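Several structures are given next for inspection.
You will see chain A twice below: alongside chain B first, and alongside chain C after that.
After this line comes the complex of A and B, so read on.
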């Protein structure tokens, strides 16, 4: 690639020290994002996708006993090593973040306009009045009707979808270069989901910012992202462009996930195909493929050695011992996703 | 069209229902609600006032029956070697030979006129002795509460915001020590160190401005420990809420998150905690502390009156202190409601 990457994550490890021992939530994750790119991160609950996002901005709870290693280069600086001051400048100013639950993500006792203005005053050095009027414009930008009046209201007078819009306007207030959306639609109705995804996509294109979308739903990624990476037990198991992945998913886990999505054509005959077993509670640290116990194709090597990432196509990586073979033969999962003429 | 809409949207409360008693109760409830303007602040105030009066009446009644029916006040005043005639004479003097109901009624009428009887020890109306002592106690409790608030609220917020850090651990240990130590013992310790050994502060009575320092400090430490615990956990809980993470993701400093978001949002809780602690103070510590420091307030008066068998002063002190607590409680409750509703309304 000729473009300098905006974000370069290299060998990121996140370990929580809990009462019942260390938990390797993220176990050696590496990826890059170009300016203006859109990347979907898909995985089950506990696969480490949210922790990865939080680690980028070092957003952990004060009580978390957490160890982070590796590097997160953003705009030339390693965010894991910069001082607090510089980090705060990046937070909200360079990287905006949207969270899963819009009902609890806003301060219940502060007018929404004020919560947006807070960011503007901090990062864009605006005065009180200027920030207030810019906040109103931002609310209008994300499709909130009567923004002047709404800006003075408390979050409690907004519906879930509207609150997520407020949250988005807050995250994009300072024109960040990267927007991280952590399950932004999980808590919302399906119709509202579509609206929010449309808004995110539209904002990404018009503002020229990169979007990292974390979700467990392939449908959400398909609607908004060009690239996708699948996480399992704290590791990246497959990386590809969206269309490529849907066409020729390589990793058995990805295959399983894609098969899980119920398809309309199968409505009367189809059955769901759950992946047997449970994901491991503490990811990583082992000396085998974490997915092996649940994998239908696993053989003895899978239980002995960790599979490396193998290139199976143009910008398509898969961490599986069978990756090369499967790439040659093709897998089942891709096919149903191809549009039949 | 309009007619139809109206009939369709008749509120359920206006639909006829079966059940005689239940309907009657609902009507009564509606009537009371209209009288007090529903759940308005005024309605709530009236309800709380009514409750306050009922509680006070209960206190007064219990005191009366303990003294006049279960015990025999005449025996308290009679000398040890009193003859039966002597005791009968005292009975007549106190009016104890008349029916209980009549005496109870007279007692209530007397109380309504703030007539608590004559002090046998001070040779003046019991109410005068209480009136003299009350301001001292109010002064002590208010200063003591101020000390408790300073000692409890500020460290509580800091510890809650920096949970499991050294400051939190240290202050937590200190606060547990503060609230588990007997208050009178703490008072005596302060007297020994600050009063006797260092000679910095007067040890007893209320003769100079500095006299307030030690008793108020003792109250402050004991009650500050509890305030600290509650404020710490309220702050910690608030800091764990997702909106704080969002505020952090906006790039706010920890100090600004605390100042602009957390402290503001826990403000009502903190005010309530401090208010309750004031009521608790009246319920206990202030009596022991006044005794230890010979502070001329209600507590000391009550204990002295008990020693001197002065039933009327004892009764007046308990009833007035009780009324004061009920009244403060009401004020705190209304203040809390007022703030809460303003927040809900805005």
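After this line comes the complex of A and C, so read on.
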């Protein structure tokens, strides 16, 4: 792609020091996003998706004993190295964020219109009156009926879906160039989820904003994202376009995730296929394939060396020794195994 | 799986009608149940004239948006909330008319699995004590037979004996839910009511727990009421489904019929809203938005006539004036019925058919 990337993450590592030892939550993650791109990040709970998102903006709690390395270039500057002032400007300004639970990220004691207006004054330098009327506009923009009245209400008087809309209006208030949405619909009903996903998609198209969407649901990614990356134990194990991944998932972990959930279009087709075992609680940081203890295809080498990321198709990368060996042999660098029907 | 003649979940017109005499009686028969709550803002009807039946070995999935009354219905069936109207019969006995002591004796035949595995387990009790608790409460068996039943239940749900003496906090989320299920089956119930049993679990654990429930049902011939908001999971586990909206069942039938040939506009909207990992995902959501308009109305002020009319794209004056009575979808097995004035004019939106073998048919 000839377009300059909007976001360029290189060899990102995040390690927490905990009472029971270090947790390598993010273990050498690299990826880029073009302006206006849409990227889904999928993986089991604890695979490092949220920490990756938080690390991009250095959003850690004061109590976190955390070490971050690598670089996060956004719009020319390395966000891991800019000063706090600049970073505050980026947060909620050029990069917006939405979290799973809107209640924890909205101020419960402040009318929602005021919260949005405050952000507009801070990031877009608007005056009081202008910010207030723009806040109402934004609420209307995300589909909230009767926005003038709703702007004066507290978050607690909104339903879950409406609160998430408020969060979105807050996140897009400053016309961010990148919106990071961490499980934005996990707590919502499917009908509300459908509306929020459509809204995110429309905003991305109309505002030209890039979208990074974190979820455990491939269906959600399919509805909103062109590209997808699969995360396991702090590493990106597979990257592909969403359409490519449907029929050409390469990494055994991705295959496992796809087979794990019943597909809606299937009637009962026997038992499900859970991935045996659990993700390592200490994250990455090992010297083998982190998935090896759970992988049905593991062989000697998987337990000895970390598999490199190899191309298995156009703009399709997989970090698996099976794929690497095939690529070297020059045989079809396709899927290592077929999905059982 | 039971191959007995299945007792259908007939929709009720709201006025209690005598049970149909024909056919075997269900192990669970819920008839015209109504549950009201007094809230600060006024009285609401959380469950409004719901009837359903369950046969041995059969699973009925209950779906609908948050707040539509699924849990309240489950609690009414368990006799945990008072009903304003209606009856719940378990193996022929009307639970509502039983004296307290008799009711306690019947309780072990119907058990419940909850959403939050951790919150529903006593943090100070060991795993084996928790699982054996219902046996002690109901005074079933002696020490040895209880220990044996606990061991059996643990084996059935896939809990290693090594965890017997652990506390709930020392277990993973999946193991905690296995304890919850073991406790529910230890009394050898006829009916298991599962309220969102996998919603709080991570995807990979969900699959394990779904398999446990699936196996138990086959092994123990359990009748199961399965509440979940994940329609894919419901489709996977259920023989029949009931779709609930604002306290009422608006459509019911076999899972395959309701999911592949939904007739009620709300069911069509729900099914179309499920994000699927395929290339049509985004366009399907556009369709969904046209089928479910706006927001869920408040139970404090439910719409007149058809309760779905404020969100229905097909609503007209008749929908506002009269409540649609339940009607059976004729050409089918007789289990499929719904409440909609205009269902004959509304095209089947084959929600869940693989595009490869489209069997779309005009109504």
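Going forward, the second predicted complex is superposed on the first by the 320 of 341 C-alpha atoms of A that agree within 3 Å, B and C clash if a C-alpha of one lies under 4 Å from a C-alpha of the other, contacts with A are read in each partner's own complex, and residues count from 1 in each chain.
The working rule: contacts are C-beta pairs under 8 Å (C-beta built on N, C-alpha and C of every residue); 3 or more make two chains touch, one makes a residue touch a chain.
Given the structure is predicted, the values throughout are model-derived calculations rather than measurements.
Looking at A:190 after the superposition, I want to know if it touches chain B, chain C, both of them or none. Which is it: first, second, both, neither?
second
A:25 contacts which: chain B (first), chain C (second), both, neither?
Neither partner.
Could you say whether A:260 touches chain B, chain C, both of them, or neither, answering first, second, both or neither?
After superposing on A, A:260 lies in contact with chain C but is clear of chain B.
Give one of first, second, both or neither to describe whether A:55 is in contact with chain B, with chain C, with both, or with none.
It touches nothing on chain B or chain C.
In the overlaid three-chain picture, which partner chain does A:159 touch, first (chain B) or second (chain C), both, or neither?
second
Between chain B and chain C, whom does A:289 touch in the aligned arrangement: first, second, both, or neither?
A:289: touches no partner chain.
With the two complexes superposed on chain A, say which partner A:216 touches: chain B (first), chain C (second), both, or neither.
second
If you stack the two complexes on chain A, which partner ends up touching A:63: first (chain B), second (chain C), both, or neither?
Only chain B; A:63 stays clear of chain C.
Quick one: classify A:110 as touching chain B (first), chain C (second), both or neither.
A:110: touches chain B, not chain C.
Looking at chain A, does chain C or chain B touch more of its residues?
It is C that touches the greater number of chain A residues.
If we count contacts the way the header does, which residues on chain A are in touch with chain B in the complex?
Going through chain A, the ones touching chain B are 57, 59, 61-63, 88-93, 96-97, 99, 101, 104-110, 118-119, 122-123, 154, 167, 170-171.
If you look only at chain C, which of its residues touch chain A in the complex?
Going through chain C, the ones touching chain A are 65-66, 172, 202-208, 210-211, 214-215, 229, 231-233, 235-237, 255-256, 259, 269-279, 281-282, 284-286, 288-289, 292, 294-296, 352-354.
Write out the stretch or stretches of chain B touching chain A in their complex.
These residues of chain B touch chain A: 161-164, 239-243, 245-253, 260-261, 264-265, 343, 346.
Under the definition above, what is the set of chain A residues touching chain C in their complex?
Residues 44-46, 145, 159-162, 189-195, 197-198, 201, 216-224, 243, 246, 257-258, 260-268, 271-275, 278.
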